[in-house]
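By written order: A, B, C and D. Residues from 1 in each chain.
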Amino acid sequence: MAEIVSLAEAIERTVNDGDTVAMEGFTHLIPHAAGHEVIRQRRRRLILVRMTPDIIYDQMIGAGCASKLVFSWGGNPGVGSLHRFRDAVENSWPAPLELEEHSHAGMANRYVAGASGLPFAVLRGYRGTGLASRGAGIADISCPFTGEKLTAVSALRPDVAVIHAQQADLAGNVQLWGITGVQKEAVLAAQRSVVTVEEIVDTLEPRPGGIVLPGWAISYVAEAKGGAHPSYALGYSVRDNDFYLAWDQISRDRATFSRWLDEHVLGATPSGARQVSSARPGAVR
Amino acid sequence: MAEIVSLAEAIERTVNDGDTVAMEGFTHLIPHAAGHEVIRQRRRRLILVRMTPDIIYDQMIGAGCASKLVFSWGGNPGVGSLHRFRDAVENSWPAPLELEEHSHAGMANRYVAGASGLPFAVLRGYRGTGLASRGAGIADISCPFTGEKLTAVSALRPDVAVIHAQQADLAGNVQLWGITGVQKEAVLAAQRSVVTVEEIVDTLEPRPGGIVLPGWAISYVAEAKGGAHPSYALGYSVRDNDFYLAWDQISRDRATFSRWLDEHVLGATPSGARQVSSARPGAVR
Amino acid sequence: MTEYTADEMMTVTAARALRDGMTCFVGIGLPSAAANLARARHAPNLVLIYESGTIGAKPDTLPLSIGDGILALTADAVVSVPEIFNYWLQPGRIDVGFLGAAQVDRFGNINTTVIGPDYDQPKVRLPGAGGAPEIAASCREVIIVLRQRERTFVDSVDFITSVGFGAGPGSRQRLGLGGAGPQKIITDLGVLQPSPHTAEFVLTGVYPGVLVSDVQRQTGWDLQVSAELAEIPAPLPEELAALRALQAASAEGTEA
Amino acid sequence: MTEYTADEMMTVTAARALRDGMTCFVGIGLPSAAANLARARHAPNLVLIYESGTIGAKPDTLPLSIGDGILALTADAVVSVPEIFNYWLQPGRIDVGFLGAAQVDRFGNINTTVIGPDYDQPKVRLPGAGGAPEIAASCREVIIVLRQRERTFVDSVDFITSVGFGAGPGSRQRLGLGGAGPQKIITDLGVLQPSPHTAEFVLTGVYPGVLVSDVQRQTGWDLQVSAELAEIPAPLPEELAALRALQAASAEGTEA
């Protein structure tokens, strides 16, 4: 049964140095507040897993939390490069970053395998690409019935999965709706899980398009109002597109980034809600 | 784009003698009206596919439509045996019935593979069972990463899938809610599909727990009010438990069954709606 | 003392085997009655999971099928049938699975497929596997529930639909089955449990008024008796009252 | 005649490539603008599918990410990310996929991974694959959209992220790729299409005022010119008006 705790406690109890950590949310419901808490707790040597390591992982990589990234698309969506990610890969700053690189379909299926208790998944993918020849966790597999050659990808089984959702009830059951991405699979694939939510309600009211994760399948639930910012939580907030644009400038050089990190993450209180407003681009420069 | 036609037309245009036909619906939303229409059109040598060939397939088998059954559980739920199914298997009446037998998990994954355009799916299952040694479409497979032995099942790719849903809109988009079983997978695995619905509405209103199949992924939609009876359509009807009990008596001997079939299916109009009320057990004996 | 039937004794015994907070994969009939009885009494947070995809269903009447509307309407979550098997059962998330059987053998292997030695010419064609093979493989433990008769408790089943302990100790490991296998067979005469050494089911409990010899006569193998054989207490009046209330409510539900 | 930018010309050309009723896998940026322009004009029943899982999205402004709320709120169905790839893209249900590129080669192979010969010491680390490899493999056809420059239209890409025609004729068949591969490269200068014989991209259309030699100068291989080279008509005033209205609406959406 999920325990309802503070965000700081949830991260303390689940994320250790060296852990494999998957923070998911596909454009929508990205767990930024939780990412900031990991930075504040100065976790190191994390193997970060995420289909789209956008701003949240750019920040964690720049803050020195990660030694390896397992991913399928590392950009600032609709804007351009992730400068901290590039600086780590191209110049090893602040630390070298090993890459394990997949396609979206491959990553999604790796989570599906993890959630299903299987060591691998099968897909039509990768064949003829440079990813196949490089890739850890990519292998040929033949259909035992037709002989056809397909691709197997190894399961993802993170130590910890972290997601953000709209609501939890008092028993720790969680509901998210809108674009739900690969979050259910990430939670079910992981050994431990943290779900931050916009609010804790007495009872979940079923929503169109909603998926419910029962509390007994989750380790910790923590309230973090606005915890997805600059991503959004459908029904609670809108995407802060300006922040995504501003991030391009903030992250472009090391000094500006470090100042931003000090002011808006390391110097902030461990509440998702407050740091959100101060992190708005208006406050940045 | 789905064409909206009458039930008789939908079956005429999709189901041919010798076809592999999957009619799905897991306790809920079983497409009985469509099954009766197949019987009325006197289709023969069908390979019938269904996880739970309950009353609907008992009727189709007894009516002589089938030469083979691909299934995982063939009983009258909560009641007992399917007498027409047993008579076909044990005594070849009205025709011999070849069996291809799986577990629920295996069948569900076979549909998933079909819907995914893959020739097989992988699961932890069958190992040590008699099904594995007999089973068509069951093979060992090794994980290319861990060497672990698992089971592969071959994809199901029916010629036709038939399901029942609560609603379609004028563009043929279909919504079903409640227990949604394996219906999406069955439709997506099939070459052609028929969806019967309780009603056609101007616009679908998204429902909690609802899944929507877009019209462009469906061949034909036909209105068949009450078309799930004696199964039910959540929000429209309740399960007619008495009919399931009555079926045990109706189906127990060939003559009673044949009379019932003449009166309630072959002699009925090709409308799902009307024959439902007359098929109630009160009217039977 | 209140009168009770053998089925009521079985159901109460099965309900007692469930602890609060457990997740439980339930089939229709006696298992569903037992699970709902446990939920009504000592295990209010028992999580009922039906193979129709309903997780955390809280029916106030006994459903008559695994896909009754009441299950969907009261569930914490309703998922697809592929998902219930792949994401929830297969990884070993579910504590206990209830299984019935047409035949069970000394190693807890289950037959629900055919009676008779020839699959193609069966004496009786049974419904088949359903969810049972994977429930037997993947639930953390399994409880088998069926009436004890010489023709159902057989030395060796005609067809292995679902694996218990296979050919004996080590079989489950060799087959790569994740769960611990059947830990109890609850019958209308008493309770059998597997010997930790031989994996063979031995008699560990009898109901009030049942003789060991009665049980042995209804068993198709040379049934051993545990040194700690216990007499299982009769249903408490409260247990019976709760069970009968559930059954009355569901009978009413059917009429409506 | 109305003034227009090269990007507007590209977008209009891409929109014209879409027919009504098609299903279209859309990325953000120019492809999304093109698809929504087509939907606003000649293809009202174009089905837009975004990799975030939104099927049949009908945004009235241009989304700024593939996961904007407007996509979920206007979609016919929203499915999980595994489902969009496994059930919808992989089986070949989607007619056309739009792809961008950092580099494209003469066979339409795409690089979005690294610039430079050494993966481990890249000159530029690009975002990577995203959904592109499977879009390239499984959509019935692919349209590549990018500005034409000598450094992006290369003889051979530094890294094959997504396969076009591989090493030439027969490659896709040998690799078992389901779709027909890239059928058009739409640039800011004109349109390239694969030769049916060599699978090499040749120039089949130029925009008004663009010389063949301009295009050849911006191509890193010896670009052949089709015998049926066409001049692609300038954007119609109605096309431009519709595109600009979309863009204005989405700029407003961002302010709000």
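Definition applied: contacts are C-beta pairs under 8 Å (C-beta built on N, C-alpha and C of every residue); 3 or more make two chains touch, one makes a residue touch a chain.
Computed from a predicted model, the values in this text were never measured in an experiment.
Minimum number of contact steps separating subunit C from subunit D: 2. By the document's definition of touch, common neighbours of subunit A and subunit C comprise B. By count of C-beta pairs in contact, B-C exceeds the other of the chain pairs B-D and B-C.
Centre-to-centre spacing of subunit A and subunit B amounts to 40 Å, using the average Cα coordinate of each chain. Our note on geometry: subunit A versus subunit D, Cα centroid distance of 28 Å, whole angstroms.
Shown for subunit D are the residues that touch two or more other chains, namely 86, 90, 138, 178. Counting partner chains per residue, subunit A has residues 112, 117-118, 123-124, 148, 150, 184-185, 209 touching two or more of them. Shown here, the protein chains touch in an arrangement that is not a line, ring, star or fully connected set. Under the contact rule stated at the top, the pairs of chains that touch are A-B, A-C, A-D, B-C, B-D. Residues of subunit C touching subunit B in their complex: 28-29, 51-54, 64-69, 71-73, 78, 80-82, 85-86, 89-90, 113, 119, 122, 124-134, 137-138, 159-163, 166, 171, 175-178, 254. Those residues of subunit D that touch subunit B in the shared complex are 21, 23, 45, 47, 55-56, 76-77, 86-87, 90-93, 138, 178.
Residues 1, 115-118, 173, 184-185, 188, 211-214, 216-217 of subunit B are the ones that touch subunit D when the two sit in their complex. Put simply, subunit A touches subunit D in their complex at residues 26-28, 51-52, 71-75, 77-78, 81-82, 85-86, 89-90, 101-105, 108-109, 111-112, 123-131, 134, 148-150, 178-182, 184-185, 209, 232, 234, 238-239, 241-242, 244. Contact residues of subunit B toward subunit A in the complex are 117-124, 137, 139-141, 143-146, 148, 150, 152, 154, 206-210.
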